[in-house]
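Quick heads-up: structures coming right below.
Two complexes follow with chain A in common, the first pairing it with chain B and the second with chain C.
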Partner chain A sequence: MIKTVFAMALAALLLLASLGPALSEGNWRKGKYLYRKNCRTCHSAKGPAKDLSPSTYKQAKWAELFNQNKIPCKPKWPKITDKDLADIYAYLHGHAADSPSPAKCK
Partner chain B sequence: MARSKRNQAREAMSTTKKTGMTRRRWLKLSTAASAAALAGTGPGAWRALAADQKNPAPPAVEKKYSSCDMCFNKCGLVARVEKGKVAKLGPNPHFLKSRGMLCARGNAGIMQLYDPDRLKYPLLRKGARGEGKWQRINWDQALDLAAAKLKEIGEKYTRCGTVFMAGTDTQSTFVHRFAEVYGSYNVISHESNCLLSRNRAFLDTFGVVPIPDTLNCRYIIMPGANRFEALVTPDSIDIVTALQNGAKLVVLDPRYTKTAALASEWHAIRPGTDMAFFLAVANVLITEGLYDKEFVAKRTHGFKRLAEHVRQYTPQWAAAQCDIPAIDIIRIARELAQAAPAAMVYPGRRSSDYVDSTQIRRSMAIVNALIGNWDQAGGLTLPQKIKTGTIPYEAPFYDSNPEDRVDAGRAKMMFPEEGSFKYTRDAVIEGKPYPVKGFFTYKTNPMQTGANQAKTVEMISQLDFMITVDIAMSDTAWMADLVLPAPTYLEREDPVSSFQGSSACSGMVMRDPVVPAMYQSRPVFWIIKELAGRLGLEEHFDFTIADFRAAQLKDLPQVTTALKEQGVYNLTGPVHGVHKNKPFRTRSTKVELYNDRYKENGVSPLPVYRARPRVPQDRFRMVVGRNAYISQSSSTNNALLAQLEDENTLWINPEPAARLGITSGQMLRVASPAGAVELKARVTQEIRPDTVYMDTGFGPLSTWLKNIYGKGACLSRVLKDEADEVSGNMAMHETLVTVEKVRS
Partner chain C sequence: MNYLNKGARLVLAALLVLALALPVMAGEAPAFKQYPNLVDAAEVKLVADGKVKGVIIDARPYKLKYLKGHIPGSISLPTSQFDKVAASKLPKDKDTLLVFYCGGLKCALSHKGAFKAHAMGYKRIQVYAKGYPDWKKHYGAGPSGPERAATPFKQFPVQVDAAAVKDVVTGKTVGLVIDSRPYMKKYAKGHIPGALSLPTSAFNKMKGLLPADKNALVIFYCGGLHCALSHKAAFKARALGYANVKVYPAGYPDWKKVYGAGAAAAMAPAKAKTAAKRSLKAGKEEGSLDLVVFEEIIKTKPEAIYLVDVRDPHEYKAGHFKSSVNIPTDDLEKKLASLPSDKPVVFTCSTGARSGEAYYMLQDQRPELKEVYYLDAEITFDDKGGYKITPPK
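This part shows the complex of A and B:
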């Protein structure tokens, strides 16, 4: 039992560490605003790219995309601050399909 | 006729089931076909009812489609309009979700429209709050004042300094939109006084809030829900049909409700012990190997830990908690397993009962998972609401705003877009973490439905300005500074509303005015559009309802046609066998018997029973419930419904009544730490000796509600306001009261 608890605590710590301090401290409300303003221009039903809402993916997928720098369109973005990126991540990850509060972007 | 429609629907379902299509796929493929079919056949009998094109004068008799708003169900209706006046409301036979029916409240909707007590023009408070002195003002004055106050409060206390609270209404979406563009995070609905913890529990177990297929169910355990009075379409009707087809209904309720009366068996469970019952059922299912082994192995997470956990919860132990014999608990568990997968623990709706209400519902969700009823006929099914389009908007961001909601962090796992009425109210009273001085309410009445009315009064007394938009002078309107008259559903142009009707259909309804809006009433959409214009936010409301509907139905042309021709769009695709082996929307991709996220949030990952001591002999536990002609406080003043009940009474068992010398009709004083009320006794065997009950929605403060003013008592005045530790949902059944005769 103690072993299990220790393993889980370690896993949680590793997960937090892997996200880095910036990504784990974003303001999701600001992120929602930034996402709508900057990302929905392409990532919407009418846009040229895939219609993306937080609930499109699960948390692990958002973590992978942001943490491992796997966002395909990122090279095309204008310069973005670490704070803005963390805010957007907080919105997408915090409202992912398997999050406590899955959300669609209206 | 209803039966033949059901058969048609079933045939349609079975056909599509063979093809394995989901409703969404069915929808796509059937778009062209249904549009063509409708265009070809036309409205049939309904064509004769349409206005004569060559004669512009309105016919003496018209029949118009609408959808009911006497409760949240939105059942389809046909209004018979004679010489411009609604003469009768009847059911829309095309409306599959209600199985072509309209209940007593739906029929009585005509008196919401023609209620002489309706609000007729904007009113500004003149005297002290709640004193009932009002000054009639015009709309320009009202809107200018409201906008000026919203601006002033925003500048002084940030945009989060105003709370927005909208009831279950098709135009509430515009109130939420307004709150967001205005900049307040503090948006609440009625849900945290109702079913939030049920949603929390099922979402955290199944990754969705499932829809029960009661029609095809063979064995239903119904804990607390009172589906033959607290009507939910189609469940209320489908359960009767299921019973006629030989299904068994087991009701657990401290009250002998109408549902209990029609059930196969009724157990007067001790209030607050439902979790003990279901943990014991889980114990039997696992101990006797009656659970669905394949489903559990392949589709659930944490079974071993659950099995270990429920070992302690034996039927013998539960019997002492629930007052239900162990032999019955064992038998019910076995019968449930035998009928599975066409068996269920009915999820119910209102779950605002105990401080562990999420965990109580988790125990119910877990039993459902153990019998493998997921995605099966007669089990829990995947929600398949039809998605509509919208007019997108980009809400501005206000840098001066605080970080989060005013009630943030007060419960362990709140829904950030829903919050908690109880905790928001606490935060406003405390002024922490920041001051909130504005309150905007639309068609919701927390003065009557939010437990502990004294605290709601205290909250409102802290405010600089309160705006209420409603149809009648509710107790909440009674406390406001500015009261704005809204039209009823029969006078409104509303957006399209998507619904799910279990095995009946998914569907859509909308409303056009059946008659023009009376008096100076204005829809909330118009009100907030006007406010947005005055606050420089007009770009976010640069559309009409017609524009909004067009955006909603942009990709759904067949819906537009069906709404016009039949007053409803029904989509009767399959409801089971659609999820198949797809992953669940949970972290583990499985049904989470054990929830790791709970553990991370300081919540027990498995439901742990919390024993409630027996109620002392000089007290009673107050439980909350419904009857079939009351939609809480919004319908009690209705002149037709008031003929059925214009006064609530306190249900009390003959045993304590005799002890206290109480007979039916005697005036009683009922008191709790929250407050005291006086109402008449109803001495009845229909309730346990340790429990009392009274209907919601009576004893108003508002003298304008003439049919019920001075009659009965207000339940929220006596209910304590504890909260579910996980979701922040109100916990109303934690209230113990004393009962005594009023000495004249």
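This part shows the complex of A and C:
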């Protein structure tokens, strides 16, 4: 039991550390627009890629995707600055399924 | 033996040269049918400079000759390829002036090409018989390399120069400058300050960005004299009913030469100005409006702001600010041009999420609007027209 709690705490700590300042300081409102502009062009109900909303994933999944560079479509992106990416992350992570205010794009 | 042989060869060579040159020297009339309408270098120069509208056609072989140097702005249409490609290369308008040239007085290609064009129905054809050698003598060697405008395009008739565009940029003339080039490849790397990005490739999709007022001055530009995008866009805008459309044909290369490179896509400078010029008291979040100020305006002078409710129509129907118009965020992008520039634009929704997004959309797409705000608050309406604004926690 103690072991599990410890492992979870460690995981959370690692996660927080890996977020770094860049990703945790995004402007989520701006990110909401940038997500619409840069991502929803494909990731929407009628788009060529999977319909993605912040609430599609839990926070941990968004953190994993963004921090460990696991986003498969990244090579196809238009140029997105690190600052814009931080804003987009702030929106997705901040409104994930397990956040206080999950958000779903229409 | 050897010596004599060499001498004999020389004589033979000289005779041969003479024999070849004789027909030309004899009558000065080349051994081919001349096109009757000939022009000289000065007249061709007028076309090359754009002072006379027309298309200059290089009738020589493409690789061997055209690529090594040609009259500036001329298109390549080797006479050997004429029947195959003329229809796609020559302008559709049969009244367009065509000027053919090739390698000089002894070259028949330009005349042949001219006759063929005549047979196709072109009415204004000229041949610059002295051709490229003569051009070089007058104006020096022309550009080498592939043609820059493979297909001559239809020029929009109303054109302006850099100074006229500058007047719009500085606000001396009221109007909108539109960049017709691709966004990522061109606009993002530098554009005329305040210009709106409306790539011609996406014109039909994004035409909502054009001003609501059909009499507004709209100036299109792109990558210079060889770029057709601004002309195409201008024709499209005119077809939509815009009465005051112009093209700045020299485009961005010319602007850079006259006024230096413009802003890159990062809207940093525009933003800095935004902060300085805003007249209404700001809220805590970037771009937000102070709630007390907002309620004061709503109660006493609602006409002072352009209030946009970005919620969905069914939410709007259930209750809204009396002075507001309803433009859901999903439609906003198409209607950006309808937002006025003469009073502050204020976005509201139910929590400050969608309205905040709308604020950033304007920052990105209509950075020339300085007075844009959103309400960072929870807003609820009752069915009697009342409302409640709760500050964010």
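Please note the rule applied: the second predicted complex is superposed on the first by the 92 of 106 C-alpha atoms of A that agree within 3 Å, B and C clash if a C-alpha of one lies under 4 Å from a C-alpha of the other, contacts with A are read in each partner's own complex, and residues count from 1 in each chain.
Operating definition for what follows: a contact is a pair of C-beta atoms (placed from the backbone, for glycine too) under 8 Å apart; a residue touches a chain by one contact, two chains touch by 3 or more.
Worth saying up front: this structure is predicted, and the values here are computed from it rather than measured.
J.: In the superposition on chain A, see if there is space for chain B and chain C together, and answer fit or clash.
T.: clash
J.: For A:79, select first, second, both or neither according to whether it touches chain B, chain C, the two together, or no partner.
T.: Only chain C; A:79 stays clear of chain B.
J.: Using the superposition on chain A described above, determine whether A:67 touches chain B (first), chain C (second), both, or neither.
T.: It touches nothing on chain B or chain C.
J.: By residue count, which of the two partners contacts chain A more extensively, chain B or chain C?
T.: Of chain B and chain C, B contacts more residues of chain A.
J.: Mind working out whether A:56 is in touch with chain B, chain C, both or neither, as first, second, both or neither?
T.: So A:56 meets neither chain B nor chain C here.
J.: Taking the superposition as given, does A:103 touch the first partner, chain B, the second, chain C, both, or neither?
T.: both
J.: I'd like to know which partner A:44 touches here: chain B for first, chain C for second, both or neither.
T.: Only chain B; A:44 stays clear of chain C.
J.: Which partner does A:36 reach: the first (chain B), the second (chain C), both, or neither?
T.: A:36: touches chain B and chain C.
J.: Just to be sure I read the superposition right, which of the two partners does A:27 touch: chain B = first, chain C = second, or both, or neither?
T.: both
J.: Identify which of the listed stretches of chain B (259-267, 439-447, 511-519 or 673-681) has C-alpha atoms clashing with chain C after the superposition.
T.: 439-447
J.: Across the two complexes, what residues of chain A are contacted by chain B and by chain C?
T.: 27, 29-30, 33-34, 36-37, 103, 106.
J.: Quick one: in the complex, what on chain A touches chain C?
T.: Residues 27, 29-30, 32-34, 36-37, 78-79, 81, 103, 106 of chain A touch chain C in their complex.
J.: Which part of chain C faces chain A closely enough to touch in the complex?
T.: Within the complex, chain C contacts chain A at residues 184, 188, 266, 285-287, 329-330, 352-354, 356-361, 363-364.
J.: Inside the complex, what are the residues of chain B that reach chain A?
T.: Touching chain A: residues 185, 203-204, 207, 389-390, 392-397, 401, 403-404, 413, 415-417, 585-587, 589, 596-597, 599-600 of chain B.
J.: Help me check something: in the complex, which residues belonging to chain A touch chain B?
T.: That would be residues 8, 12, 27-30, 33-34, 36-37, 40, 44-45, 58-60, 97-98, 100-103, 106 of chain A.
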